[in-house]
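What follows is a single structure, written as structure tokens, with notes after it.
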Amino acid sequence: ASASIDLDRTRRCGFPEVIYGEGKTAETIAQIASELRSRGERVLATRIDLAKANEISQLLPEMMYDSTARTLRIGDDLPDAQAKGNVVVISAGTSDLPVAEEAHQTLLWMGARVSMVHDVGVAGPHRLPERLAEFENADALVVVAGMEGALPSVVGGYVACPIFAVPTSVGYGANLGGIAALLSMLNSCASNVAVVNIDAGFKGGYLAGLVATQ
Amino acid sequence: ASASIDLDRTRRCGFPEVIYGEGKTAETIAQIASELRSRGERVLATRIDLAKANEISQLLPEMMYDSTARTLRIGDDLPDAQAKGNVVVISAGTSDLPVAEEAHQTLLWMGARVSMVHDVGVAGPHRLPERLAEFENADALVVVAGMEGALPSVVGGYVACPIFAVPTSVGYGANLGGIAALLSMLNSCASNVAVVNIDAGFKGGYLAGLVATQ
Amino acid sequence: ASASIDLDRTRRCGFPEVIYGEGKTAETIAQIASELRSRGERVLATRIDLAKANEISQLLPEMMYDSTARTLRIGDDLPDAQAKGNVVVISAGTSDLPVAEEAHQTLLWMGARVSMVHDVGVAGPHRLPERLAEFENADALVVVAGMEGALPSVVGGYVACPIFAVPTSVGYGANLGGIAALLSMLNSCASNVAVVNIDAGFKGGYLAGLVATQ
Amino acid sequence: ASASIDLDRTRRCGFPEVIYGEGKTAETIAQIASELRSRGERVLATRIDLAKANEISQLLPEMMYDSTARTLRIGDDLPDAQAKGNVVVISAGTSDLPVAEEAHQTLLWMGARVSMVHDVGVAGPHRLPERLAEFENADALVVVAGMEGALPSVVGGYVACPIFAVPTSVGYGANLGGIAALLSMLNSCASNVAVVNIDAGFKGGYLAGLVATQ
Amino acid sequence: ASASIDLDRTRRCGFPEVIYGEGKTAETIAQIASELRSRGERVLATRIDLAKANEISQLLPEMMYDSTARTLRIGDDLPDAQAKGNVVVISAGTSDLPVAEEAHQTLLWMGARVSMVHDVGVAGPHRLPERLAEFENADALVVVAGMEGALPSVVGGYVACPIFAVPTSVGYGANLGGIAALLSMLNSCASNVAVVNIDAGFKGGYLAGLVATQ
Amino acid sequence: ASASIDLDRTRRCGFPEVIYGEGKTAETIAQIASELRSRGERVLATRIDLAKANEISQLLPEMMYDSTARTLRIGDDLPDAQAKGNVVVISAGTSDLPVAEEAHQTLLWMGARVSMVHDVGVAGPHRLPERLAEFENADALVVVAGMEGALPSVVGGYVACPIFAVPTSVGYGANLGGIAALLSMLNSCASNVAVVNIDAGFKGGYLAGLVATQ
Amino acid sequence: ASASIDLDRTRRCGFPEVIYGEGKTAETIAQIASELRSRGERVLATRIDLAKANEISQLLPEMMYDSTARTLRIGDDLPDAQAKGNVVVISAGTSDLPVAEEAHQTLLWMGARVSMVHDVGVAGPHRLPERLAEFENADALVVVAGMEGALPSVVGGYVACPIFAVPTSVGYGANLGGIAALLSMLNSCASNVAVVNIDAGFKGGYLAGLVATQ
Amino acid sequence: ASASIDLDRTRRCGFPEVIYGEGKTAETIAQIASELRSRGERVLATRIDLAKANEISQLLPEMMYDSTARTLRIGDDLPDAQAKGNVVVISAGTSDLPVAEEAHQTLLWMGARVSMVHDVGVAGPHRLPERLAEFENADALVVVAGMEGALPSVVGGYVACPIFAVPTSVGYGANLGGIAALLSMLNSCASNVAVVNIDAGFKGGYLAGLVATQ
């Protein structure tokens, strides 16, 4: 077979392999998911569009699909009280929501306690400090922003925890499909900002989850 | 001769031609300056290093040289009381000073009233609002920043005047010699931010001066 | 809710928040517009395609839609006599029209007096000087051009007001989706040229409007 | 004065402002350091070359300079026993040493417990697993690599903690001054890899230190 | 006619001209294939989508089409026993399969002996050494990887034969359509890694085939 | 009206304005064409797809459309005997045909004598010298090539006339939409190679036509 | 020997091989020049700095060196009356002079009649039309410009001959070492503009010389 | 110590680790070389400038330094008769010599039979076929070229062996430090061209040596 699942990942890395849905058929995804389930692993698959999700749900009726995040989860029905740590996902504008939600779903799947702060981009500078209480004691933050990607730098000046910055492709022209926000975040004058790939809500969430749940 | 000075520029554009010093000899600069002086024009030359300035001062002893801005001015000894408008030059970090000072010298030469707010970059988010009174009623702002170039976006959320953003080449690695800050400013989510070339303190100052003195 | 409107923007910045329509549903746009209207604000939304505009007009019948500019305005039915200042929007080629019209609509919404000069690109060098009388006394200019983006530099040599240059993505191949025109404008040898993002007719118009109406 | 130190940073962010030495004079650095010392803060300055370090040591004889890392520290003479957490800095080749050492010095200054694993790049694939015991239980890793920047992805497959990947400019030609390694790390198929700027040993160390000491 | 087939290629280069299917009509492809067949040449055409393959099969019923590789072969029905050399095609992830299969088909057409090792990317570092026996004695390897493109560097450390690395466009954001993997492979610290164009499974296969069959 | 045709172009530049069809409606194109016709000018329009051509032919039945070149001409029905000069259009591969044909149509419209040499790319190095007699005495050459864009450099070594090189977007991956061929041609070690935009068959033809017909 | 001079070039291409001086020793250059002289060829060498020129003049006292153009010529002491054709070299700013002079020297060496028009960049738009009589009847133009590179487009609108545009690296920041001017020229809306490499005065001159002298 | 030499490399990869000299001190290089020698390995070090070579020769008098290739070899004094295979290194221009020589030295160190063909770039198209007999029966070719990098594509059309193309940084302006040649080679229309990093003579030689000596 062309897939060779890494079934030892949980022992080494704490969490099982996550399925990258792009360019895989519904059948392939369902098969990998089943194999993981049969080993007792919780399943997360990312980058699943609605049509593919519908196909998969025929094969795996127990899956939970989130259409904003475009993720699919199975088997992580954790009572809230057992959630660990405290992660806040902060996003700059309404259009950054899908990426923020991919981080959110990833954190739920990891069993982390997570809350959301939306639409507090820098053009309305009073909005962020008003909500400081919601995030200043977090274990880790995920900060999602497109266009000029300035939000992580500003958030960085308010907190003592690591920030995982996720640039998005939101914008047009000289945003270069997210490169502008990516470069901005890499050059942040705040010391506590680490960066992941453009639109990689999954990675931002995963890293924050590692910090918060360990 | 290889130089063909645009002697009609003041009538059309309000200010005479400014001498771009890079790649011109001290003799050429002195000669253009003299020709402009003989027409009664005020002289500004930019991008003049100290060695060249010393050479020029032999030929044109009345010139005023600013070694931070690397500019040279002649004949604009304006009484302060006659200065027009109100421009504030805001800079993010100490290393952005030379670019901010190039804007400053340009504004003085134009006869604009100008003040400076230094080192209020976004990593210390309380520093900017503390100084709001100094710039909230300006006719135009020049905002100078390197690294992630986030400052103009943040300033943009506080004011009702146009902002001329000047990206600087301050930083390293993925700052790409100032491209990161430039892209950041071009993608600003603040509506009132226009952008000039990297390290172009002269242009930022000139545009703010046009708004303030007209 | 995922949107957190900046309702204090008019006090700080002179004009209310403008709605960026890309990636928002008709419902979300209508809801934000209603909230702004209920506060007595004038509404501008940009990047609204025809289909979305039709949906919104069901919810907000009083909206005025411009299909070239792809903008939507509400509540700014200003008598012409009250328009302030004098802005001219100049464009290089026929294909630059949509971007020029986005600037136009923005200026109308701001209450600025505005006129248009179309298709005066540099390949027909006599066309621009013939129309000099229409723009030489403007308070600010918006100059829109694609391909090599040379027009703002040429216009810059004729006027004493600030120019807000808008590069467009018109062209092909080495135009790099507008990057060629953008770089051209950033490197203008005219001192009075500031630049905004590719295809950002809104920003060019907004900045010119700030200068003209203040 | 042109410097406006952020003296409240420790309260908000856990650690005081760090001095970026590039483009600052020895006098300016000594003055900022003294001001921080007088508030009881520990001092870290980065990107200080040997000549500048010698000048500063005249003014601040108590400083400790590391010529590989090009950093300067004051006042953090912490007994080893009080060091917190467990960070390992892993580097790919001998030429990556200066960047790895910048991370090392930063971690010492933060009071973290830190150890080093050098020259275990992927071309000798047996070298890394041989040293697994030294880093598999770390709280956070800093992984430093130039050229193709593959090391963080490989390390990522062995551990359950967050990895802060630091691309270096080591290499030539199509390494594009470190961009190749940077892109490689951003696109890592390992989920636990976050990235900082090229040659930013300081940032990689700082983020790992935040995770380990909190 | 607009096509001028290089009918002498086999004498000079060992193998006939291969048809690049992109942007050619089914008729043109069938005609070139027939002309090659009439000279007794084996035919390979690449980048043929399913619809075009169906059209061509009307005209050339003897063709063999592979829908994963998107290639078409005619006339190379070689008994396995006559296959020469030993090439292994190794791929990193399931999504890299089409590119790996293009290499595979090319090698079959050349008459090389070839086997496949799938889905052994670096995030599961134990998977590759487990399969070492399958490839350590190859004459040449083709290694296919997207995202960070680290696999060829790791494989390079295990073998004594040349490696032809094929970057793929698999990934998103800062993968830049495969440029990230391409740069990674060009900067490999393994000495035995040569590189071909992004998604160029054909070229990787062809070069390995030259080494193995000569 | 939004179009301001440059009706004096023939006097100044020898040929009338050419209509760039991209982003213009059939009506606009027909109207500009009619205005040019009414002045006695020959008409050329480029970048007209088949659907638009059909619409235009309703309004201007006398137009001649070439579906490979995607151009439209009116009123240049020149007897062959009157054609001037001698231009040869040479192309590298079959997929470069549309661009070569755009050059061809442009040259016909200019009244130049023109012939075509197709599919003589460098991978079959004997093909070009075999056809030397067809182009060695040309007044000017247009050389069209995609992928590595090497053909103009090779042709340059055989002839004494200027070569106008046209890079095409033919290829994939690291061809970067034609940038690879463009850079290759700009860096040609042959002295007689000038370059135009990617896919700009029109421009290559126009320049060769100027040389040949003057 | 490592040099293999192309001694047949004049027969095929009309002019002998030109020596590219960069990275060659004075001895190598003198030796190639002597070999060309012994065949009766005129010699041109480019990119020779003053120090190297001095060394060469020891070995070849008859050479003529131009320190602005950094070129060296031998044996082309043509009486002016025999010069052929009519080329004008137009440059935008004083700093573009060295590149314009490289074109000038190349044209003299080719035996072309050539004149110079300096410092007529677009910021002073009246300067160019004032000098129209000097260039409107040329056989070919070389137009040299840095920064935004707009001059060739403007000149293009005035003339009926081919224009060879030479972008220069003059400028800073977003000029990207001349890339901005290069892209600008490649995207010219004037039909008669062909482009050569950045700072390639030699090539611009050579191509214009081919047109003018043939 | 900071160096962890891969002493098992010869067993796995056929040849020992090669020392990359850039950024290592003479002491470090001498020490690694001695350790390799003490294991009976032949030593190759690359990117050693003359000054460093002189220092090293104090410590390791038996080393052989080549100042064009900037390489250092020890212990490979192989009788010519034992040399294996047949590699030809072909270079385009005189300035590409240092890179060609790095390949040459690498091949000698590997014990391969090697010959050189210099200065046969495409601008003199007759030079290459004249020397066909010298390389048409090679086991592998290394082809070195800067500027437009066309040579490997042309050579590819003449031979049946694999070609390892080495782009060089020779050229200026739009050569982008070798990127133009690199892209050209990656997009070669010849099937038998694989590519290594810019200026990587070592890698080109190493790969050809693997093919020829196995």
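To keep things simple, chains are lettered A, B, C, D, E, F, G and H as they appear, and every chain counts its residues starting from 1.
Criterion: contacts are C-beta pairs under 8 Å (C-beta built on N, C-alpha and C of every residue); 3 or more make two chains touch, one makes a residue touch a chain.
This structure is a prediction, so every number in the text was calculated from the model and none was measured.
In summary, the chains found to touch both subunit C and subunit F are G. Mostly differing positions are employed by subunit G and subunit H in their mutual contact, as under half of the interface residue numbers are shared between these two copies. Of the chain pairs listed in F-G, B-D or A-D, the one whose interface repeats that of C-F (more than half of its contact pairs identical by residue number) is B-D. Rounded to whole angstrom, the centroid-to-centroid distance between subunit D and subunit F, based on C-alpha atoms, equals 56 Å.
The centroid of the Cα atoms in subunit A and the matching centroid in subunit H are 46 Å apart. Remark: subunit D and subunit G have CA centroids separated by 50 Å (rounded to whole angstrom). Among the residues of subunit F, those touching two or more other chains are numbered 6, 93, 123-124, 156-158, 173-175, 179, 182, 186-187, 191, 197. Shown are all chain pairs that touch, namely A-B, A-C, A-D, A-E, B-C, B-D, B-G, C-F, C-G, D-E, D-H, E-F, E-H, F-G, F-H, G-H. Those residues of subunit A that touch subunit E in the complex are listed here as 1-4, 6, 8-9, 17, 20, 22-24, 28, 167, 169, 177-179, 182, 197-200. Put simply, subunit B touches subunit D in their complex at residues 93-95, 97, 118-120, 123-124, 126-127, 170, 172-175. Taken in their complex, subunit D has these residues touching subunit E: 92-93, 121-125, 129, 147-150, 153-154, 156-158, 171, 173-176, 179-181, 183-191.
Those residues of subunit D that touch subunit A in the shared complex are 12-15, 18, 139, 156-162, 164, 182, 186-187, 191-197, 202-203, 206-207, 210-211, 214.
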